[in-house]
Amino acid sequence: MLFAVLGIFLGAALSPLVVRVSRQAAGWILGLLPLGVFVFFARQLPAIAHGETVRQSVPWLPSFNTPLSFYLDGLSLLFALLVTGIGTLIVVYAGGYLQHHEQLGRFYVQLLSFMGAMLGLVLADNIFVFFIFFELTSLTSYLLIGFYHSEEESRVAARKALVVTGGGGLALLGGLLLLGQVTGTLEFSQMLSMGATVQSHPYYLAIFILVCAGAFTKSAQFPFHFWLPAAMAGPTPVSAYLHSATMVKAGVFLLARLSPVLGGTAVWEGTLGIVGGFTMLMSAWLALRYTDLKQILAYTTVMVLGLLTMLLGVGGEEAITAMVTFTVVHALYKGGLFMMAGSVDHETGTRNVRELGGLREAMPWTMAGAVATGLSMAGIPPLFGFIGKEMTYEAALHAESFGMLLLGVSVLSNVALVGAGLVVGLKPFIGERKGAFTREPHEAPVSMWLGPLVLGVLGLAFGVYPALIDHSLLQAAQTGILQESHELHLALWHGFSPALMASLVTFALGFAVYAAWETIQESGGMAALGTAFGEVPGRVFERGLYGLARFSQGITTLFQNGRFRWYLFAIFTSLIVLVGGGLAFEAQLGWPTFEGEVAYYEAALAGLIVLSAIVAVRTQGRFIAILALSVGGYGVALIYLLFGAPDLAMTQFAIETLTLILLVIVIIHLPGIEGEDSLGVQVRDGAVALGCGALYTIIMSTIVDVPLDRRVSEYLAGNSYTEALGHNVVNVILVDFRGIDTMGEITVLTIAALGVYVLMRMPRRIAHEKEPEEEAEENETAD
Amino acid sequence: MIYSLILRVAVRLLVPLLLLFAMFMMLRGHNLPGGGFVGGLVAASAFVLYALAAGVTRAREVLYVDPQTLLGLGLACAYGAGLLALALGKPFLTGLWLHPHLPLIGDFHLGSALLFDLGVMLVVVGTVLLMVFSVEDRLPGLVEE
Amino acid sequence: MNTLLVLPIMVPAITGMAALLARNYPRVQRALSVLGATVMLGVGGALVYQVQSHGILAAQMGNWPAPFGITLVADHFSAALIAVSGFVGLAVAIYALAAIDETRERFGFHILFHLLLMGINGAFITGDIFNMYVWFEVLLIASFALLVLGNDREQLDGAVKYVGINLVSSASFLTAIGLLYGLTGTLNLADLSQSMQPVREAGLGPAIAMLFLIGFGIKAALFPLYYWLPASYHTPPAPIAAIFAGLLTKVGIYSLIRVFTLLFPNPGGYTQAVLLVVAGATMLLGVFGALVQRHILRLLAFLVISAMGYVVMGLGFFTTLGLAGAIFYVLQDVPVKTTLFLIGGLMERETGTTNLSKMGGLYQHRPLLATMFIVPAFSLAGFPPFPGFWGKLTLLQAGVAQEQWTLVAVALVVGLLTLLAVAQVWGRAFWRPKEGELTVLDALNTRILTNGPVVVLALALFVLGCYAEPVFSFARTAAAHLTDTGPYVQAVLGG
Amino acid sequence: MELIISVVCGALLAASFYLLMRRNLLRFVIGLIILGNAVNLLIFAMGRLTRARPPVIPKGQKVLEGAYANPLPQALILTAIVISFGLLAFTLVLVYRNFAANQTIESDEVRGSEPSDTLDVYDETKRLPA
């Protein structure tokens, strides 16, 4: 399994090469890769059908407890087959569809990565491995949806998909982390039997909500459904693949995978049933509102996703049977129909159903595939779609509660689906040619009609002879979801059951809808529906992004307002808050004891220093300020001298003088200190500054009460002469004990000198991107 | 006023004295207050004085090397003093000492610390001079019209 | 062993010094620069190898026993950071050969660059808190000089704020050192961690910790102290901005983690609460800022801030898992940010503008650049399979284990917003077609010099994302040594 | 005396912080100089004060006897003084240079690197461009 996934990624990496070698045959060549993987999985079928499961684990991140582990049971096998099987047809199809596109190579890289990600997702056993592939599908689908990147519409659609599914993914990550925390394992296969533990845990509700957020966004459930119809801005092969077998199925797959763990509770049934049911009903009818083939198909996908979600919510043998059956049904017809839509678009230049008609002669093969898949979508016997629908009705009828409600919703939705199926599958081909196509329609190349045809034939074959898959694949998948084995038997003819009655009603109403489609479409009710559920959610989302940007701007200009003084003010305020908080939190402050004598000249010196600082603060004259500064500096030097630090005093004296000279040199070129701030600002800043100073004084006075541990100093003084041959301990510390400090210090000096040199001597450079006037002005002020 | 004759003559005498004093400060630093830093400042001030008296161009000529070279050499001395120990297989910055008996001065301790201090001094001289030379044209009267 | 520990400081020091002496010979300077950076990478690798096989290494400078002299210590955390900084240092040194003009070279770019690395490595490897201050100043003044190299108006304006605020940071750091010394009488970090009793008795732990937080927090660009960063990081040329973004904030965060784990291991207390609040606010405000920028490098600068929030969150949990996440996050964030800024520079070069509103066409015309952009950008958004994902995942797991729900939620939301910010850049600079032509391609050797390092960095990140085990287990060990400081103390003080 | 120095330190820090927040960058620089002095004094006080006993071993003796001023903080301050001189010189020239480029030393007007950009959105349709 590992090699299957890696192989596809490898194929992705190599695909530009293949395209470069042979553009025409690239689709066929690259199609062999998923085909091979499909065969590989198909060969696993007998064993899996017997109830075996395969687990493969390769050490990957042992210190994170995350192996690259895969788990193959019926559920993952079903999806793996869909991913690779339909994937093969899509790859072939894309070769024809995008043959002349200059970025075909990049397209294949993205498409095959997408396939690999989806395959990895359905096979993953470790939850983090699962999540990685889950997010990878978001990323690759982002690139694919935005493939026609020069159109803003495509970019907006891609962004929508990325943010919605990526955001859901993050919620899912939270859920998975909690799940891992609760179960103590990171492997799905071990979680499957821990449903009871999880469901009785206080985190259950949080896990459920987060997982649902991930699944609903990915599987386009209301109210997150809007990204999916928008995503049709991508190339048709992408839409076909995305809708039929990948991406959107990831959410449903996730719910199916976790249903033994999370399912069966009232909240599970209620949430999935209501959200799924509502999504199904809403989107089925919404599909009738549109005339674009791809858009109609997109909404019917949402409808099916709703249905699948609802069935998972209902649970139980019948519902899960219906769910796995419908998954296959849908994958087959939706893939085919999208490809057909692409072919029609490709050959006629329009996807508008109203402008299409009478293509039966021009495009016979395409029509064959389209009709077969379209009728399957409409659920007409003997196609597989009919069985799927029957099973749905059976499930509704067998539901423990709200059975009739479920049936009603299902029938109502399916009525619309019948209409939509016929509109899409039949309408473009029958009747008369309408309008003038931008190009003369003729049959698409074989690579492009092969897919719909194969899928149509399969739909027919499974419908007529469901035993092809029911006992093996579907039953195994059902077992995978339910974690218990039931005999699964499908048949076209069930006898005169209530389900059949419902089907007949559905047909009758469905045909009526088809007949009256144009009227229904234009009706006010549909317009309202279209606005409310088709446009508003997407618009709300875009508006949300706008609001987010505005909000971000507001908060950014609040803090990062470009005013240097404000920055410092904020920093000093934080100092007061944080350090003051720290003091308040723990310190035991008392009045400091005042020990020792203070000579009068010492006190006077201290007073002088403070006074000089006050003068420096208050004065408006720059030279007075400098003078005060120097007095203060020399005062500090005197303190050093008084308290046994002649080296310090000497240096301070020298530095103070040097600073004074530098200041004078520079200041004579600068304007004076004019203007003060308003009194309010002065008081505010003064309060903050005094607060900071007070905090320091408090901390210092607390510390000086404690005797100092002088062992380090004593060692230094003791070894200064005996070991380092120097009488001046301070100097020995500088050049020997802490010589590396001094090394850093002279490096600082060197760099400072180089910096001054750069500042003063390096010619001004004009920054890029200046307006011409501004540049001229710059030149004037430049020296 | 800066080019007054008296100042020029005074500076002629003062500069060598100051340089000598600087060396003295550096050398005695290990035992008495002083050291490379203060020594460097004194030496630098000698050159600054000279520049004030004779002009920056002259001062640069007398200095002979670029201040940047002084910086480089100073760093080389200081780093070298540390690396010397490494080369001899001792930990970085370990003090190394020679004890030659010099005829006039008597017992003398010649150590890597001295080389280190010399490096500090060179860097300080280089720093101050590079800064001063960089801002030279902002100094009134420094650059000859 | 002693020699190896000195080399991270001395190799760039000697390179810088030699470049200073050779300042009139640009070719020699360039050769020296690349040579020095290469040796530095080797030293980093050797250091990681030695630490991996022998555990924590310590060297006493001048052969003075700790805590009396200065000790250099390489534990897993610092060794890994030195190796990573060697890696990005080399990449930037090569990129700079093409992207730094001759005037800047003549005015000391190579000298300043290596002395900056000297300061950074010194801060990583020192085991003495005052010595750490000295290295901070070395890297700070070197960054000042690099920042103004060119004297653009924007550069000068940005530099005033950068310099001013960072000097306040240094002052806060230095006062904290002084106060700590006043209580303990020692400066050696390991010794300090053994001598914190008087600090606790005086009840000054939280207050002094907060002073350190202010000092380091300014350098690490945390809320509410980060203002200097978006004001300045976008002004210098891309290689300089790249090394700033890659390494400077990391030095702040490294010191924060080092000091807080060694001296203030205070889970559950005031310090922790502050750290967590700061972390959340930093993450949010950084990404909010990024959402509204037009200037590509400025946008990235805001994302630098946001990433720092994640790391502080890991520290704030004070668990081994949280620290492992923080360390892994830092280690991958260094190349991520460097790569992004280098790419930002290339984007500017190719489109002739820094303004996102005017950029475009890069996906169409520069597919290699586009591919390289995806790796660090989506890594930043925490998307798998890029390394940022693993960092974020670990941090989230630590958060869940600590039941810090608010922060976990904030981290997830910030991930989404980062994703949006990255998608905006991608959509507008890469996907959207550009009006008018792109500028003509550079000469081939220029392209190799600029694209080569970016490709190598991005590939390394991709590989790290796909196989994170070696780095991750290293980070775990590093974190274990941070929560259990015994081996560190023993390595330094002996016995 | 330590207590007095503590008060002096607090006062100097307050003065310096106040000056840092003034709108004239020259006063900012003056604030920085005071800040440097204040921090050095703080470290000095933290080493505790001893009057008139420099830590210099008299000729002929091998160790210091009796009380002597704590040498370690002195060494630290020496390093710090020199470093802050380097930084200060750079800052001063930077302010000057910024004045030469922008003709202002008002800190409120230093925002060439942070222009007040308008937000890039479609205001009519209330959307974010992609």
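Letters are used for the chains, namely A, B, C and D, taken in the order the chains are written, and counting of residues starts over at 1 for each.
Note that in this section contacts are C-beta pairs under 8 Å (C-beta built on N, C-alpha and C of every residue); 3 or more make two chains touch, one makes a residue touch a chain.
These numbers come from a predicted model, not from an experiment.
Among the chains present, the centre nearest to the common Cα mean is that of C.
When the C-beta contacts at B-C and at A-D are tallied, the pair with the greater total is A-D. One finds 37 Å separating the Cα centroids of chain B and chain C. Centroids built from CA atoms put chain D at 45 Å from chain A.
Rounded to whole angstrom units, the spacing between the C-alpha centres of chain A and chain C is 25. Centre-to-centre separation of chain B and chain D, using mean CA positions: 27 Å. Multi-chain contact residues of chain A (touching two or more other chains) are listed as 152, 155, 158-159, 545, 548-549, 553, 560, 562, 564, 568, 646-647, 651, 658, 662, 666, 669, 695-696, 700, 703-704, 708, 710, 712-713, 716, 727-728, 730, 734, 736-745, 747-757, 759-761, 764. Chain B has residues 31-33, 37, 68, 71, 75, 79, 82, 92-93, 95, 127, 131, 134-135, 138 in contact with two or more other chains.
Multi-chain contact residues of chain D (touching two or more other chains): 20, 42, 45-48, 54, 56, 59, 72, 76, 78-79, 82-83, 86-87, 89-90, 93-97, 101-102, 107, 110-111, 114, 119, 128-130. If you sketch which chains touch which, every chain touches every other chain without exception. Those residues of chain C that touch chain D in the shared complex are 130, 133-134, 137, 140-141, 144-145, 148, 151, 153-161, 163-164, 167-168, 170-171, 174-175, 177-179, 181-182, 187, 230-232, 234-235, 292-295, 356-357, 424, 427-428, 432.
Across the interface of their complex, chain B is touched by residues 646-647, 650-651, 654, 658, 662, 665-666, 668-669, 723-728, 730-732, 734-736, 739-740, 742-743, 746-747, 749-750, 752-754, 756-757, 759-761 of chain A.
Of all the residues in chain B, the ones that touch chain A in their complex are 29-38, 41, 67-68, 71, 74-75, 78-79, 81-82, 92-93, 95, 97, 109, 111, 113, 116-117, 119-120, 123-124, 126-128, 130-131, 134-135, 138-140.
By the touch criterion stated above, chain D contacts chain A in their complex at residues 1-24, 26-27, 29-30, 33-34, 37, 40-42, 44-59, 61-64, 68-72, 74-79, 81-83, 85-90, 92-97, 99-103, 105, 107-108, 110-111, 114-116, 119, 121-122, 126-130.
Chain B makes touch with chain D in their complex at residues 31-33, 37, 127, 131, 134-135, 138.
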